[in-house]
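Supplied in structure tokens, the structure appears directly below.
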Amino acid sequence: MTLTHYLALGAGLFAIGLFGALTRRNVIGILMSIELMFNAANINFVAFNRFLHPDRLLGQAVTIFNITIAAAEVVVGLALVLAIYRKLNTVYAEDYNLLKG
Amino acid sequence: MIDHAYLIPLVPLIASIIVLLFGKEGPKSNMPLLSIGAMGFCWLDSCSILYKALTHQVSMPYPAPSLPWFTFGDYPVSLGLLLDGPAVFMTFVVTLVSLLVQIYSLGYMHGDTRFKRFYAYVGFFTASMLGLVLSSNLLVVFACWELMGVSSYLLIGFWFEKPGPAYASKKAFITTKLGDLGFYLGLLLLFAYAGTFEIPMLAQRASMGAVALPVEVATAAGLLLLCGAIGKSAQVPLFIWLPDAMEGPTPVSALIHAATMVAAGIFLVARTQFLYAASPLASDIVAWVGLLTAFMAATMALVAYDIKRVLAFSTVSQLGYMMLGLGVGAAGYTAALFHLTTHAFFKALLFLGAGSVIHAMHTNDMREMGGLSKKMLSTSVTMAIATLAITGFPGFSGFYSKEAILAAVYGHSPLMWAVALLTAGLTTFYMFRMMFMTFAGNPRDIAKHDHAHESPSVMTVPLWVLAVLSALAGFLLSHTGAFEALVHLPEASHGGHHPGFLLWSALAVFAGAAGLSYWLYGRGDFAVAADLKAKMSPIFTLLENRYGFDDFFLLLVKGSDVLARICFWIDERIIDRVFVDAWGLICLLLAEIQNFIDTLFIDGAVDLTGTVTGWAGGGLRGLVRGQVQEYLLYVAMAASLFAMLTLIH
Amino acid sequence: MTWVAFYTFAVMTLGAAFCVVTFRNVLHSALMLGVSLLGVSGIFALLGADFVFASQILIYVGGINVLVLFVVLLAARHSDLVLRQSNAQWLAALLVCGVTLFGLLRGLKAYRSVTLAAGPEPGTAKIARLLLTDLAVPFELISLVLLAALVGAILFSRAEAE
Amino acid sequence: MTGIHLLYPEILLAVLSLLLLLADLWTPSSYGKGLFHVGILCAALTLGMIGITYSDPALQAGGGSSGSLWVLDPLSVFFKIIVLVTTILALLLTLDYATESRTHLGSFAALVMLATTGMMLLVSAVDLLLIFLSLELISISSFILAGFERKSLKSNEGAIKYFLIGAFSSALMLYGISLFYGTTGTTNLTALKAPGGPVFLLSVLLLTVGFGFKASLAPFHLWVPDAYEGAPTPVTAYLSIAPKVAALAVMLRVFLVLIPVGGLELTALFSFLAMLTMTVGNLTAIFQTNVKRLLAYSSIAQAGYMLIGFVAGGKTGMEGLLLYCLVYVFMNIGAFAVAILIGNEDSYELEAYDGLATRNLPVALLMSFFLLSLAGIPPMAGFIAKFYVFAAAMKEKLYLLAAVGVLNSVVSVYYYLRITYHMFFKPARKAQPVPASLYLYSGLALAAAAIFLIGLYPDPFIAGVRLSAQVR
Amino acid sequence: MNLLSWIIFTPLIGAVAVLFIPKEKVTAIRATALGAAGISFLLSLVALAFFSTAESATGMQLVERHAWIPTFNIQYFLGVDGLSLPLLLLTTLLTLLSLIFSLSIQERVKEYFFWFLLLDVGMLGVFAALDLILFYIFWELTLVPMYFLIGVWGGPKKEFAAIKFFLYTLFGSVFMLLGILALYFNSAPHTFDLVELAKMHPGWTEHFQIMAFLAFYLGFAIKVPAFPFHTWLPLAHVEAPTAVSVILAGVLLKMGGYGLLRVSYAVLPLGFKWFIPYLLVIATIGIIYGALCAMAQTDMKKMVAYSSVNHMGYVLLGLAAVSSTGFNGAMLQMVAHGLITGALFLLVGVVYDRAHTRDISAFGGLAARVPVYAGLMTLTCFASLGLPGLAGFFGEFFCFLGAFQRFPIFAILAVTGVLVTAAFFLRMIQKVFLGPLNTKWASLEEINARELAAVLPLTVLTVYLGVWPRAALDLMNPTINNMVNILAPLFNK
């Protein structure tokens, strides 16, 4: 198993997440896709750490931070989604178009 | 007084400014007296100078002091006087005519609401002419030249409430201005080559031959100055303003035709004689312009019914004579200036007389006159004297001057002489026609005739003074040789002998023309003349239309109007658009590109057309449609672009 | 053996991820997210990152994913199941993703020769030391982030009537 | 922990904001305003703390040791001060802001302070991990602040859009950091080896996405108008200045290290970004009818100008960027202050400004000065700032960039003057004068004094900027 | 602070004072404004008295120099020479007269005088500044007040006119800023000092000079305005209130011509030389085209506005000549145009205030009803069409003379513009003043004392300069000779 395998897995996950973020109509879907992108980065961190820089576990430590940050973002994001859902009764991103121009 | 000759233009100028600014306006204003007094002073001054010159107490040209005016670059320009023979004579004539005209106007303009202003203008007009005559500096000459244009504008349009004068004054100004452009360019050319405006210095340079002043330059400058003269002196083709200028008060016409405006052109050509001497081509053109003018104007006078227009055409014709004289060499030069002097007297007299008639009849049309000799004796007698003078009746002043020109022309070219002689015959014919129609026969408009009466003495006295001068000036100046002594070119041969048949042919032509005139117009009814007119109507029409010159210039004016409108259209519709709306265009273009990209990628295949139309006006705002995933897409596009970029590296 | 595990987890991760972004039913998507995250945690395990593996399962699968499921259930409508779940710009998105993936893969090809030198060793203690020494400030900072998120969550989800 | 003492101001601010949060929890909502003043006081206290920290040479000496995650150098101090000043001014503006619910003012202040803490850390950070976490702290606080008006749908919508793009670009940036880590083996910028290669380049570019999002550079700017319009106006004022400035500062720091080490040729790219940012911001602003939105686009364009200084680089470019940031604080805060005044009185639509000159001449005049300063018309400070960055561009022979810059400033005049057009040329729709509180007046006067002072006598400020344009 | 500073900043003091007077106290506001402009004018006369016109006095006089922004070596550097002093005097005078004319402003008096005085500061500064940045700042400073003056107190399309003016001129001047910066970074040592920069051209390549020249030219040409950048002018002139039109035509346009001489020619001679053929074409087109456009107008003010395009064409023609004659002509023409066109705008304003129309064909025969007004108008029109004895003549003449010496063809072409000028002015006079009195205006009031006070000084000066041009020439000639001589080897090659 070479490093490229892991990185390619990360890249693939990243691309799928990217696609989801761009196309899912549901805001929660977008959120989930972004989570996938975070995970892609995490795979990279750990893989690089393991393959190239194994002496210091910086990559893993960063991954811990990332997971936490992801959690924080999801919390805020979901709260926002709920708040707006209560008013508009929709979770579709294209319905949020009061502000434009 | 000769050291203070600068006062001659200055005093009337100041007087005119005082009159204009500080005088009380009104029909009974006293301000005219100030103006007349100033002119009287000038006349006396010019008399004393002339006397000194004639008696050789001073040598001509007299070195008058000059005043530094200004300096531009390294060129100093000064205000100086050029007191030579022509200037001295001209000053005398101008001041005298102006003085008489002003006195005459006391009667003629009496009761006008702008009485005072008239005098202010006339004073200014005369002052400009005097400045032109006396100045040694061609720039000042030009300045005075233009100022005269303005004064004539003001005076021709003096009765501006009527549309006629208002139009005529503008026409006069613009037409002469067209010629002035030539003068202007000539001035530029001369300065560019010689670096000075001083006439003596220019003359000196010209006398140094082609090294100092190349022939082409002399020709060009000469022709350009001639353009100015053509405009001011109403030569072909710019004579069109002069007949219209009759719309002004008659004394003004007298002034314009006798002493000021039109004389200026002749005088300018005389002053810059050195250029024409250096360039035979320019000289020839001067002669031909003069001849053509003389002949054409005379023919046009044949068919005019307005008494002032007849006189106007006669002026043009006589000026053509002078121009012709100037173009035929040294002898012609003296003769032309001599004719200018004598012409001043009898033309002033003719106009003032005509003014007297108009004053009495309240009409200009000769067909409504007739039989006035009984009612207006002084006027008719003095007019008759003037007519004899202008037609060259032996002994009268015109005889001497005109003969001199004819002789000079004969010496130059017999063909020209023949045409000139024919023109003299025409002159005789139409002048007598005018006299007959006005004064002889029976009154044709009884009501007006009954109303008519002789003018007051304030008007007739100037007539008599001028009549005396018209009769005698030629004899006095010619026989004593006084004129030629002061006014001649260095290379002129004195007392050249002319073949005798010149005189006899002239007399024969005179007699024939006068007789023909009597046959057609002198016998009470104009049946023959009317018959003739009916038979030759195309020619009459052509003459009455002034050979179509007016129409041509009207066309020119119309053309420039159209051009102006086109220019303005271009300005508003094209240039403004290009430079202002270009921004809008760029924005629009950017927006369109944006739309294109959006349509291509974002909408995919989904309702392409609707979006395009929907966004067409949206500009860049189309980019921010409130769709968060589109925002994401832009970010992602940038990121993918980055990814591609790294590959290129 | 590693490659079997790797491909298993990889297929699990990518396949589930693909389901996440394509499934019409958001609930299924959310469940699939859990699968995908589990796959990732498997990869972490393969890479010998024991602590990260644990965290991934605890926080992501156990925390975040559950939260997502909650919200999905809260904010679900019946009509969602019959509506298209992807928007009109999928073509452009596909293009962009394709380009990005292509670029990434071309770039990452450089690491084809890198293989593992030694076996994995437990890292939890090391990470702990790192977090509490060199990365202490970020570690504290993350608490501030979480606090802010907490405040936000409370603020937004509190009932309107007050 | 080496060098923790350098972060005392940040720690102080964080602790104070936590206390404020607690206080807000336990006190009745009527005390909100009081807590708010306490918040302002806290920020001021921190400002003082910076002074103390920085003036102590003994403390300074330890800053920026190799391997540390943060440094304290003139550049970071400069931006910390700017961020704090902005915070104080924005909090002052909030006092005049008529929001539908004036509850939780304490939390509001605390969140602003938390964001500020993040920015202060950001400008000091020399480690990508710390940078990322600081950015997240700023982002999350900002999301909440943007959506703080819970009953306003616009506020909610703005917040969620802001959030989505924020999270998305965080993800991109994080991926970039992961690649960076892979190629260099560290996230720290102080002890960097020269790696090079396409992956490294890609990682740098993805970092740019993250920074660009915060600094609102095109094409990462699209959230700006929506979030700004939706957010409470003082928050808009705050967001339009502080995060942008901080992001540019950290960009400056990061690229000052990366460009020489990585041997990167990014001038063309950043020139393009700068031109795009200016052009898009300005051209779009022309069509706006809502003043908040207009100012949002204007702030995008302003970021473009600042980026010119960044692109030009070198000493002059850095100084230009710093000076621009300094000036930008005052002119933008001033403009937003007036916007708040009018927004309270009427609305944020352009029509609300009709005939302001006849209703309140001083405010109209001051607003014109702020706007003209934003447009870069002398003798206001905006000119000096623009002059500085254009000079930097000309010095580096970036003629196209400079030309596009000046052309953009012409375009920008059009929409800035549209507001003055409403204020001065249009007849007033209401006759009664517009009242303004003492807070607002003093804030306006302060901002106006600053832009005229910097505009007419920029030398001390330039000297300060020169001192500050030093990194360790 | 020395004299020049006082001249420039007295209006600023006045402006600030006006700002602090309550807006109800209209009289106090007017008095303050007039006082400030008056003091500034008197001080400029003092400057004239101190100014040496000796042939050797070719340098800057009344110099004041302080370091301002040492970082960029920007100085507060003021001084006048033969180029700037006449224009400085023109500015103070026209401002004072415009303010007198503006006493009739009733609407938002306070703002009006505030902006007007601020405008004055900018204009004076442009002519006195010798540091390019200072110059630029003053240059831009004129824009804002002008914008407000047109936009608030202007005609029906005032808003559009104001913004068009602002954007158009700003568009030009920002390129000037780039030019300034280019000069700075290519000078050694780096400086914005105009006097120093004028000595540095030997070190610059022709290509650089051309590029820099073009950058400056854009700024100046728009201000002049030179064809084809003139289209902002008719609109701005027509929509601006009378007094502002006076300033716009009388002073603001001069800033362009002044800049061309002071910066483009003196600092970038090779660029200037390269541009001469184009400049000639532009000038000639401007002269003829401007005159023709003026002829097509029915609005008096617009006609006068287009005549400015024509007249500034003469200035460009004179500049293209690159000789003492041409430069003297250009300067004289600028001064004269300031006086004459200022008076023309005032006079058009007089009739507009009464009749509320400027349509030429709406009048007729006014000369009988308002003789003094008609007289003044006629005189001014004649001055404008270049009648000798009035100020317009010599400037025009020298411009042509200078051009003729080098480029006769262009001079000959351009002379036709003179004729067209005469035609449209005379037509205007004829239609407005001559002919039968239009009964609609039978009760039109004669020009009043306030208006006379504003117009008469200009008329008197018009006549004075026409008769005695050395009053202006003596001021300019030493400087211009020096400027021309220094660079003569370059241009006569």
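Chains here go by letter, A, B, C, D and E, matching the order in which they are written, and residues are numbered from 1 within each.
The rule is simple: contacts are C-beta pairs under 8 Å (C-beta built on N, C-alpha and C of every residue); 3 or more make two chains touch, one makes a residue touch a chain.
Note that the coordinates shown come from a computational prediction; the quantities given were computed from them, not determined experimentally.
Undergrad: Listed by label, which chains are in contact with chain C and with chain D?
TA: Common neighbours, chain C/chain D: A, B.
Undergrad: Let me spell it out: compute each chain's centre from its C-alpha atoms, then which one is farthest from chain A's centre?
TA: B
Undergrad: Using the touch rule stated at the top, which two chains are linked by the largest number of C-beta contacts?
TA: Answer by contact count: the chains A-C.
Undergrad: Using the mean of all protein Cα atoms as the middle point, what chain has its own Cα mean nearest that point?
TA: Chain nearest the centroid of all protein C-alpha atoms: E.
Undergrad: Measuring between Cα centroids, what's the chain most distant from chain C?
TA: B
Undergrad: When the C-alpha atoms of chain B and chain C are each averaged to a single point, how far apart are the two points in Å?
TA: 99
Undergrad: Report the inter-centroid distance (CA atoms only) between chain A and chain B in whole Å.
TA: For chain A versus chain B, the centre distance works out to 93 Å.
Undergrad: So what's the Cα centroid distance for chain B and chain E, whole Å?
TA: 35
Undergrad: So, what's the distance in Å between the C-alpha centres of chain C and chain A?
TA: The separation of the two C-alpha centroids amounts to 6 Å.
Undergrad: Check each residue of chain E and list the ones that touch at least two other chains.
TA: Chain E, residues with two or more chain partners: 167.
Undergrad: Indicate the residues of chain A shared as contacts by at least two other chains.
TA: 7, 14, 17-18, 21-23, 30-31, 42, 47, 49, 52, 58, 65, 69, 72-73, 76, 80-81, 83, 93-94, 96, 98-101
Undergrad: Where does chain D touch two or more other chains at once, residue-wise?
TA: Touching at least two other chains: 129, 133, 136, 140, 143-144, 147, 150, 160-161, 164, 168, 172, 182, 198-199, 202, 225-226, 287.
Undergrad: Can you give me every chain pair that touches, using the contact definition above?
TA: Every touching chain pair, ordered by label, is A-B, A-C, A-D, B-C, B-D, B-E, C-D, D-E.
Undergrad: Provide the residue numbers of chain D that touch chain C in the complex, in ascending order.
TA: 1, 4, 7, 14, 18, 21, 67, 69-70, 103-104, 107, 110-111, 114, 117-118, 121, 129-130, 133-134, 136-137, 140-141, 143-144, 147-148, 150-151, 182, 197-199, 202
Undergrad: Which residues of chain C touch chain D in the complex?
TA: Listed in rising order, the residues of chain C that touch chain D are 103-104, 106-108, 110-111, 133-138, 141-142, 144-145, 147-149, 151-152, 155-156, 160, 162.
Undergrad: Given the complex with chain D, which residues does chain A contribute to the contact?
TA: These residues of chain A touch chain D: 7, 10, 14, 17, 21, 27, 30-31, 34, 37-38, 40-42, 44-45, 47-49, 52-53, 58-59, 62, 65-66, 69, 72-73, 76-77, 80-81, 83-84, 87-88, 93, 96, 98-101.
Undergrad: What does chain A use to touch chain B in their complex?
TA: Of all residues in chain A, those touching chain B are 18, 21-23, 30, 93-94, 96-101.
Undergrad: Where on chain C does chain B make contact in their complex?
TA: Contacts found on chain C: 87-93, 95-97, 99-100, 102-104, 106-107.
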